[in-house]
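What follows is chain A paired twice: with chain B in the first complex and chain C in the second.
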Partner chain A sequence: MTYRYAAGVFILMMFTALLTACWDKTEMNELALVSMVGVDIDPDSGKKTVYYQIINPLSGTSARGTPGGEQAPVYTYEISGSSFGEIKSTIYKMLPRKLFIAHSKVLLVSQRAAGQGIRDIVNFIEMQPNGRSSVPMLIVDGSISQVMKTFTPLERVPSDAIDSRLKLLIRNSLLAGKHIKVNDVIERMEKSDTIVLPMIAATSENPSSNSGETAADIDANQNNFIIGGGAVFRDYRMVGKLNDAQLVWYHLLNGDEGRHVRRFQVEGKQVSMELRLVRMQRDVFRQSDQPSVRIRLDLQLSATWANEFVPRSRAEVKRLEGNLNRIIENESLAFYQMTRERGWDLLRIRDLLRKQMPNHPDIDQAAKNAKVTIEVATRLLRTGSMNQPYEGTG
Partner chain B sequence: MISRFQFYLLTINYILGTTLFVLIQRLVKQGGQNAWFMPYWAGGFGVLVGLFWILLFRHYPGRSLVQIPLDAWGRPLGTFVSVLYFLYFCNLAGWVLRNLSDFMNGTIMPETPKSVFHVMFLLVACYTVAQGAEAVGRLNQIITPFLFFPFWLVLLLATVNWDWERLQPVFHSDLGAILQYHSFLGFPYMETIALTMLFPLVKQGAGRPFLLGLWTASVSLSMTLFMIIGLLGVERASRLTFPVYTVVQEVSIGEVIVNIHAIISVILLILIFIKLLVLVYGASETLRQVFRPQTRWPHFLALTILLSAMALSIYENPIQNGEWDEKYTFIYDSFFVLLIPFLLLVTTWIKRTFGKRTKRRMS
Partner chain C sequence: MARKRQNQSIRNDFFEDIQSALGYPPDLVCRSLFVREEQAVHCVYLESMVDKKTIDDYILKSFTEHTFAEGEAPRSAGSGFLREVSFSDPYEELREHAVKSLLAGHCVLADFARERVCLINVTEPRQRSIDEPKSESTIRGPHEGFTESILTNVGLVRKRIRNPFLRFEKMSVGSQTGTTLLMVYMENLAPDSLVREVRGRLSAIRTDSVLESAYVEEFIQDRIWSPFPTLTNTERPDVVAAQLLDGKVAVMVDGTPSVLLAPMTFFEFFSSPEDYYQRADIATFIRWIRLISFFTAVFVPSLYVAATTFHQELIPTQLLISLSAQREGVPLPAFFEVLLMEVVFEIIREAGLRMPRAVGQALSIVGAIVLGQAAVEAGLISAAIVIVVAITGITNFVVPVYSFGMSQRLLRFSFVLLAGFMGLFGILCGALFLVAHLVSLKSFGVPYMIPASPSKGADWKDVLVRLPRPWLDPNRLPGYIRNLKRKR
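Showing the complex of A and B:
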């Protein structure tokens, strides 16, 4: 009996040799944790350059006071090759740890690569077994190498800085929207739709490559990058840019719900109002054989930031709301006209018609000729801590 | 003996087994945004086939699938047919194992050799099967809540990415394409014939729990497809190798709930294991019932070797698997699932009528 027991234990122990950790074990300190990926393609030679920003595990509070000063929070590795797959192998000429991209937070693409087409990039990301395509994608205005080698103040890891700025922008403005991830790009492009991705640019020509210096400098604008503007994509290719003012209308008409403060000129007076989309309704109906699209926006206004003017009476509120309705209707219609002239379907009319009128013979033409009307209904629901601003005695 | 409820759960998990891995992508490709409808008509077909088997089993109470040919066609021919079924079960088991190791290699364990997965799973499966059908049924019963709740919980967590517009326009795409996809009838529905090995062991009859299980599995498949389309969209779901896995991979709620796809991997692994259990049970029981050996462990050892080799050589890459599945699954499965049972039924009827006549003449 004892022998059988011993034999059983022995066999069980032999099984441990089959436990798969022998092949796929990964120790944390053998991994290069990628926080941000940058991609550039040379339009002439087609040479691909990938930047991997890798988190330095020794940085942070624990490394303070180590001899030789503070360590950099991230290191950027730059590697070129004729294809992205090749880079996977050649990266180890420089990188001493196993590349681990599953936790990367941001993807940056240079503007020239975006102009050439990002289909290759997107395919590569979606194909990788452990890659995630639910990361935001930003287009770099200017030099990508510069942005990839910029340390950010306050938020030490640049990818965290971008991620958190995007979140704040989505919530507190209409300058960025929710649909900016790689998987959104794929979905929209495969439906021959359009998408607008945020752009990022370095603030100075020669940013400091020393994180200690960046951390010690009071001027946060000196070594930094700034998110602004939008890159319009159609068929995996960047076809144009939107400025910040246009981005507001784009995001509003696409149903983003950030609280955006904007100054309006109402009856000769300036007034800063915060808008927030409550509900958007898009209806399609036929009007003399031509599809007609009616977009209705219900907006919630807040006078919290209106330090110039706060309406005094119910009648004034009504008048302000009426005026704002008209202004927003006109400006968004003007935005729509602009996009239509350039041939960008930024309001995604085609997608709407495809769903609502699947039997239409020529959906592309119908989307181009569709008559679009925009109706805005604003309601002032909140005010700030003062019911009237101080007016002085003059 | 296993209870009806245990058999019901076993049927569901057997059907869901590899389907959630292999088929989701192809179904979405075929059916577009209406792919969620496909399991209903395929399930309807499955129920019809199930009724047909039950009709056959009515004539042979207490006999299993491989004993029926012995009774109906005599020892030599019956043994031959039983061995065919044995090979069919082995083939399916090899397939299941290979799908599993493909999944593991393609997602979290890219460097582990495939045989390691195969042999490890087979060792545990053989041990369980050696304990008898009760162990299989009870194991499945205990483990099902641990599959059901986490699976739907992670899918519900994933609904942060939900978009109703992905499911529109409803029923506009070509419904003919949905009906044309005959391989879906073969895999997974016709493969349920392995479950008939357990028919004689179900207390109070296996027919109702089997058909009910078939239908429940179809409903859950349909719901899964519906969610996959709403979460990924047709464009991505029809191209990704493992859409269920990707759906969960992309869940991120705040800073805490990210990268929870390990949960779905474990669920899928266990589901596959249950399918493997039934197939190994079928294969080993066939050997036992037909050849009646004194000791069983050499057979389990041989099965492990045979199945791991089968799994390694059944196809070279998932591309071949896909092509086979689309072109030949239905025909191949029909031979075992429709033709042989049909012939058995015909001989049984003939024997009955002639038997009665001779009896009448004798009296």
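Showing the complex of A and C:
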């Protein structure tokens, strides 16, 4: 019995040799905690530049000594090379600590690099042993170097600022959606679908590189960056842009559920309404041998922000709902027509047909020729706290 | 005349021999009373062991006041009180009896008139009063604790269980100390096999001395190489009573307030009879706190070492930044930091136990301020380590049984070593070994991990939750005790 026990212990001890051990040990103060990665590729020379934004732990309030204050919350390291693999080694010419990107929150890609293709960049992120592909990917409109070297007010670490803004935008608007992560990009691109990624741009030409100055400036719009617009990707390449108005229809027709307030012109009157998607149904059926797609959107309306006009009777509510149904149907259909003309399958009709009609001989052609109808049913469920706005009529 | 000479010689030799056998102790008293000429009565006793008032009032007075009729001797009230040895017995035997009796606190009365030696039990052992046990204090419930006197302890148990089935079996162990042991059980509740097993193990003890119940525990425990106790000990009579009523067996040892209880299972260390002095919901909550505390005490330092040196990606970003900031400029690796602080904490704790109370306060100030605050400020250790060590230190005391808390300390160090060498894999390997060890343990034939392994669904009712009293069967014994009884 004792021998068997000893033998068991010995065998298990042998197995432990295969496991991670002291040689994998890294103390936390030997790590460079990467918060944001930026990638740029020069289209002429093909030179790749990677920006690593490293968190300075001593700037935090938990640090010993002077909390925050004079220290920058992040440091941006910029390194160039002919390949991403090369950069992995040459980074240590400048960086004194072990690169640790498991906690990076955002991936930025320059617009010019996105135009050439992001396949290499995505592979670079995926291949890193402790890399994460569940981080949002944003396209930089303008100079990536400028964005990477911008300190953000209030949220001291820029990646936190971007991450937090995206979360708020997803909840409180239809300007950003949930499917903007690197792994979403890979999934969509591998299925030959399209994806729209948010864009980011610096607000000033020459942002201050001093965190103290940024923190001392009352104008938060200076030395900042702004998220706006969307970059359309197909086959790992950026093929176009969407403006904010178009992004609303894109996200709505893709099932995003953010509460978005938009002003509509109804019967000559302006009215601001908050929309929220309750349910989206997409049906495929054959019509004269062509596939036809019917998209039905059930929207919940709120007049909380309608300071211009508040419907006062049931008839007015019904009429408002009817008008909004028509307006939203028309505008979203116009959006669809625009994407179709440009050859962007932003409503993912192809993916839908592939699922619903798996035996169709030519899905690509069927998706192009599919007739798309959009039906909208809105219901005004919430009104504001006033049943009549102040009009100053005496 | 010849007889007179013989008496004289016995008298001289006898007292000389007794004194020499005991090494001329300072508390040996020999008092002589001349009842009649040449017919003295000699009274010998150890002053430190006897009740002198009894000797004066009942023994010596009876000779001086001539309350006995001619030829009559003081008779015993019961067996054990008085024993007579005649001069006609072999002299060696006479002396041996006398020495043993003196050491047991008897008075040796040599009556040369009647040619006999009377051994009279007048013991009054020095003992303290019944106090609340210091290591097992309670908020609600009886505050009595056992004392060093085994008879007092018997009384404390009897007071709680007035039942003719309560059995006390007397044994004597220790060739030098001759310590009295009592095996206590309820004849109608305790399984025969268990009683036989305990009796067998107790009678197999071969040792020269037993000064504390821990001596006995080491002889009768199931496995030597295990950090887990398979018996528990308590100084509280209510705990012993509760366990006896659960069909368990207690072992009382004379000279110590700690009473052993067997068998014990792993989960029983998390419940306490005090649970039944609280409302059911509160008792359940406290049981969970104890369980969480056990895992905290054993695993938190090792998890900290593993997460901060091997698996930083597991730590939330903000926490990682904060921990990383604390570690800036700290010279020691996290593993050594934890090990060092744990060792220092154990040293402070051990020193605190031995220190006089007045100095103990100063020690705790030094420990808390100098080693905690100052070491962090000096940049020798990171602040998080102090929190980790403090949490584990506090949670270690939550388990109601002190000996179980000791095993947690050992386990904690093993896991820190494993985490320092192999990270989470090490902890996992260690945890697997621990589980394998736990399920292989038995306490007096009862699987240690019951009801988890072997799994007994019905027995869980009073393990993780404490059901309200009216919902519990009043005659219900623990599942494994019922099994042992059924096997019979």
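Here is the rule we go by: the second predicted complex is superposed on the first by the 364 of 394 C-alpha atoms of A that agree within 3 Å, B and C clash if a C-alpha of one lies under 4 Å from a C-alpha of the other, contacts with A are read in each partner's own complex, and residues count from 1 in each chain.
Going forward, a residue touches a chain if its C-beta (ideal position, glycine included) is under 8 Å from a C-beta of that chain, and two chains touch if they have at least 3 such contacts.
Source: prediction; values computed, not measured.
Look at A:102: by the touch rule set out above, it reaches both chain B and chain C. In the superposed pair of complexes, A:55 makes contact with chain C only, with no contact to chain B.
After overlaying the two complexes on the shared chain, residue contacts for A:27 are found with chain C alone; chain B is out of touch. When the shared chain is aligned, no partner comes close enough to touch A:89: not chain B, not chain C.
Using the contact criterion defined above for the overlaid structures, shared-chain residue A:12 touches chain C, although it does not reach chain B. By the touch criterion defined above, A:45 lies against neither chain B nor chain C after alignment on the C-alpha atoms of chain A.
In the overlay built on the shared chain, the residue A:130 is in contact with chain B and with chain C. Comparing the two complexes, residues 20, 22, 24, 102-103, 130 of chain A contact chain B in one case and chain C in the other. Taken in their complex, chain A has these residues touching chain C: 12, 16, 19-22, 24-29, 31, 33, 35, 55, 57-58, 60, 62-64, 100, 102-103, 105, 130. Here chain A touches chain B in the complex through residues 15, 18, 20, 22-24, 102-103, 126, 129-130, 132-134, 183, 186-187, 190-191, 351, 354-356, 358-359, going by the rule given at the top.
On chain B, the positions that touch chain A within their shared complex are 106-113, 116-117, 119-120, 123, 161, 165, 168-169, 172, 232-233, 235-236, 239-240, 249-250, 252, 259.
Of all residues in chain C, only 308-310, 312-313, 317, 320-330, 333-335, 377, 379, 421-423, 425-426, 429, 433 touch chain A in the complex they form.
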